[in-house]
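The structure under discussion appears below in the form of structure tokens.
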Amino acid sequence: MGVALPEPVAAALATRADDQLVQLLTPSGELVADEHFHYSGTDQDLVEDLRAMLLTRAIDAEGTALQRKGELGLWVQSLGQEAAQIGSARAFTGNDLIVPSYRELGVYLALGLDPVEFLGTFRGTAMVDWPTGPANLHLPSFVIGTQTLHAVGMAMALQRDGRVGNPNPDDNGAVVVYFGDGATSQGDVNESFVFAAAAHAPLVFFCQNNQWAISEPTTVQTPIPLYRRAAGFGFPGVRVDGNDVLAVRAVTEWALERARSGGGPVLIEAFTYRMGAHTTSDDPTKYRSAEEEAEWKAKDPVDRLRTYLLAKGLIDDAWLGQVAAEGAAQAERLRTGCVQLTEPQLADSFELVYTDTPAHLLRQRDEFQAYEASFEVNA
Amino acid sequence: MSTLTMAKALNAGLRRALANDPKVLLAGEDIGRLGGVFRITEGLQAEFGTDRVVDTPLAESGIVGTAVGLALGGYKPVVEIQFDGFVYPAFDQIVSQVSRMHFRSHGRLSVPMVVRIPYGGGIGAIEHHSESPEAYFAHTPGLKVVTCARPSDAYWMIQQAIADPDPVIFFEPKRRYHDKGEVDLDASAAPDPLYQARIARTGTDATLLTYGPMVRTCLDAAAAAEAEGRSLEVIDLRSLSPIDDATVFASVRRTGRAIVVHEAARTLGMGAELAARIQSECFYELQAPVLRVTGYDLPYPPSRTEHSYLPDLDRVLDAVDTSLAH
Amino acid sequence: MEFRLPDPGEGLVEAEIVEWKVSVGDVVAVNDILLEIETAKSLVELPSPFAGVVHEILAPAGQVVPVGTPIIRIGADEPAEAHPAEEGTAPSSADAPADAPVATTKTEDSGAVLVGYGTRAAVSRRARRHEASAPVPAATPAPAPIPAAPVPAPAASAVGAPAPADVPRAKPPVRRVARDLGVDLATVVGTGPDGTITAADVLTAAGRPPQDPGEQRIPLRGVRRAMFQSMTASLAVPQATAFVEVDVTATMQLIDTLRRRRDFTGLKVSPLVIFAKAACLAIERVPEINSRYDAAADEMVIPTDVNLGIAAATPRGLVVPNIKRANQLNLLELTRGLNDMVALAREGRVQPSDLAGGTFSITNVGVFGVDGGTPIMNNGEAAIMCLGTILRKPWVVGEGEQERIEPRSVCTVSLTFDHRLVDGEMGSKFLADVSTIMSDPALALLF
């Protein structure tokens, strides 16, 4: 399992004030320093981060539009959370395992997943599957919080595989599991903290606190900041400005490296905001104010990075135009891919229940097929 | 051939599975140092180490959920739920996650894990320690549900369940843990397929369909019936999901009379499913309606009354009388 | 191309059009906002799936529109040149790179259910495929083709070993019929699907014709059987019937009197009681009425006492229980005895001992509203008396100059007798005596 490591950062985190979010880029686009964390990337990385966030936003917008046009039953928007998602994804290595919940579009895109691959879930043509997605990206979870236990188990498997605490970092891996503020109330999430602490598991708990669980603000879930929960279970917690892609990357890099080295679990609370609705079925005007949304608009993750990069001359309007065109092309590709998704056949479901399909299921399938065959086509 | 108690047979089967496949892990409350409250896992942590035989925190959902992650990570976890009545906190993980992972991933992911659950009454226990929740799991697509009735089956079935690529809920009749039986430990022995029922006793007048703790009860009843001049066939279903329809229907077609016996409450128990299938498939061969001898539709009662609650030889033979009177 | 109102929120069925953001003739790009709608849940802006020119707004602002209704038509060119070929053609995006594949929406004609429209509730059955009809014998005109839906075969399933050849296959109602008729199913040839035994097969094996759906068949059992046999035997006896019409007005008055008496409280007093008493009295004068024939001894037997049978309808049919030694009972006792017997019969609790040993019977068809009849004797007895309805009839009363017509209570009484034992004079005399007592009960004192 883990070796006791010198833990200056972890120790320091325990004494930070709640409003001392880790931040490296202010909402107005100025760099600031943090006592314990620094951005390890290059300027070019930042340009790439902005491009990734803009494309995520464009694809997210098209997903919403597809739902409004009747092509998808549902779309889960990531608007406003691009920095939390992309910043954390920048810290992954190929040895890490990523366990999402259901609002991690930026993570998927950063890992190279073709967004058309998971449209099927929202269109109703598939369960949850991306046939050619990254091998280290686990399926999303729509049941709240259950995936955190799975992530602990995966981390325990890495331990037994000898993938933790090796001298050569290339031999090490860890697990990152995503969940929201509301999920922290679930029994399974708390049990996962228990198990992760007991096993000293190589696991980063990444909580996207976007302030809302559908219509319930975080204050309904907890009277104390979420990151402080970790201390109760016996491991470090840190709150980072979730709209600051530099800070998110820095904190996640630290947490993952610590876990890979055998330092055990960390809880990262990315303090961000759900700019859109919970899903396309939701109407936030019913429970939150335009003032609050405007407040958070001023802290937008994309705006601040664009401001910084423009001011530093690392990008210009022509570049922004190109990215916009790229976004439009991606959107068109999504539209095309969506309507070309193969219609599922129920008959195919019967052999997907088990690895070894029992005889009675095959008979049921035959029954079903005979029944369907008894009708005129296009009846 | 060895004579073993069911507990010892399970212990031997788990030991063999651990020895044959380094990916097999055991996890559960008190299974390591203590060897389990029923001593099923006695000695295994000493032999295979704390990484492979794990004492878990006291959290059933966590036990099952982390096992899912281990299974996805390439391991074969065999978790123990300490008592039947404690499986409910893990119900969501089992029904929403374990049972569906293969289906929702379009067959790409599988969860080759086993959930071992001691079940059933007749041991004079306090509440929540004598449940028979097998129907909830047999009702859930994506799970396989089996139960052993004698030491020989315990030894082989646990190994087969562990080797199965699908998730298996493995019910162990705790009142039979100390029953002894012959077990062929020879590695070259060919056990019956896991999902096949066994004709525990052949007969001609009626078929008793049963499983787990009630198999012995039915065999005792059949022996007593023989003295009354009646020939009863006893089938140990062994697998509750999938049900071995072929064996069940062949027997009922021969005898024309079926009686299902289980401890679990009557309504919507395994008896209801068997009755539905039998009347649908053996309608023309039935001489009498399918009868059920079961626990009553009560929460499991105080142990001082459990002898009235549990099906016994008399209730089984009364049902046989009723069936034969048709 | 038509844009149909989608379900914006997982199962909503309609929305109100709040405001159109475009007008006819506007050029729109993909995703331009076309309109704002209000659903049960929220206000939603809907983007355009197509690029083109707005040809027609199909639903005005303020209208509530069901999901799936076309709300706007957008064409590739100016409205004046709109033509049907646009239906189902691909939308093109102004932004799309030249080599982007063209999408085909499935909204219009494919019949595929779009996301958000859920499943439609069926209001009629889907059309079934027509199977090719089997070759028909030339003699039979070919019937109209019937869609042959595959019906789950009632035969043995493919699962498990089939029943051994010696296990007869029959469904439970058929087994019941076999058991009732005492037929061993193992001996019956099954003509049902897959060799199953049908009810008709069992009936045939029992030597009985199968049921005609136009008739009801009732096995003759129990009381029905007894009546059948008794009547059959009775008609073998030479018999004759005599009639008398009796003015029973005085009897009716007597009954009124009796009903008001304290000792008759709670008892049902009916003319039948008086008839019963009259019959017992008349039998004293013509004891042959009460006789029977002992075939073994070839003798006529005349018992001393009258075990008076009363024909009664019970839930199970006609029975004739008798009151033992009715002749020895006074009127009150006789009334009680009759009441008890009627109650027993109504409850179906008549015992075999009540049915045995009768010597003479009375049947009352009057209660059914019938004037009279030719009764058939209770088996083994020599006579049976039948009472008709008591009617108000015009009757000649008085004598000489007092002779007049008055309404009187009149009853037709008939007597069927065994002419081997009772001759016409005896029968007539008996009837006349009964008539005398019924028309003037005080004359019972003469007997």
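Should a chain be cited, it is by its letter among A, B and C, assigned in written order, with residues numbered from 1 in that chain.
Please note the rule applied: contacts are C-beta pairs under 8 Å (C-beta built on N, C-alpha and C of every residue); 3 or more make two chains touch, one makes a residue touch a chain.
Everything numeric here is computed off the predicted structure, so don't read it as measured data.
Colleague: Any idea which chain sits dead centre by C-alpha averages?
Modeller: Per-chain C-alpha centroids ranked by distance to the global centroid put B first.
Colleague: Would you mind telling me which chain pair, B-C or A-B, is linked by more contacting C-beta pairs?
Modeller: Between A-B and B-C, contacts are more numerous in A-B.
Colleague: Once you find the CA centre of subunit A and the CA centre of subunit C, what distance in Å lies between them?
Modeller: Computed value for the inter-centroid distance: 69 Å.
Colleague: Roughly how far is subunit B from subunit C, going centre to centre by Cα mean, in whole Å?
Modeller: 50
Colleague: What is the distance in Å between the mean C-alpha positions of subunit A and subunit B?
Modeller: Taking the mean C-alpha position of each chain, the two centres sit 41 Å apart.
Colleague: Can you tell me which residues of subunit C touch two or more of the remaining chains?
Modeller: Residues 159 of subunit C each touch two or more of the other chains.
Colleague: Hunt down the residues of subunit A that sit against at least two other chains at once, touch-wise.
Modeller: 359 - these are the residues of subunit A that touch more than one other chain.
Colleague: Can you list the subunit B residues in contact with two or more other chains?
Modeller: Expected reply: 245.
Colleague: Mind pulling up the subunit A residues that touch subunit C in the complex?
Modeller: Listed in rising order, the residues of subunit A that touch subunit C are 61-62, 65, 67-74, 122-124, 280-283, 285-286, 325, 328-329, 331-333, 335-336, 338-340, 343, 359, 363, 367, 370-371, 373-376, 378-379.
Colleague: Quick one: which bits of subunit A touch subunit B in the complex? Just the residue numbers, please.
Modeller: Per the stated touch rule, the residues are 97, 126-129, 131, 138-139, 143, 146, 148-161, 187-188, 191-192, 194-195, 198, 349, 351-356, 358-361.
Colleague: In their shared complex, at which residues does subunit B touch subunit C?
Modeller: Residues 245-250, 253-254, 256, 281, 283-287.
Colleague: Which subunit C residues qualify as touching subunit A in the complex?
Modeller: 3-4, 6-10, 30-31, 41-49, 93, 95-97, 100-107, 111-112, 114-117, 126-129, 149-150, 152, 158-159
Colleague: In their shared complex, at which residues does subunit B touch subunit A?
Modeller: Interface residues on the subunit B side: 25, 51, 56-57, 59, 61-62, 64-75, 77, 89, 92-93, 96-97, 102-110, 141-142, 144, 164-166, 195, 242-243, 245.
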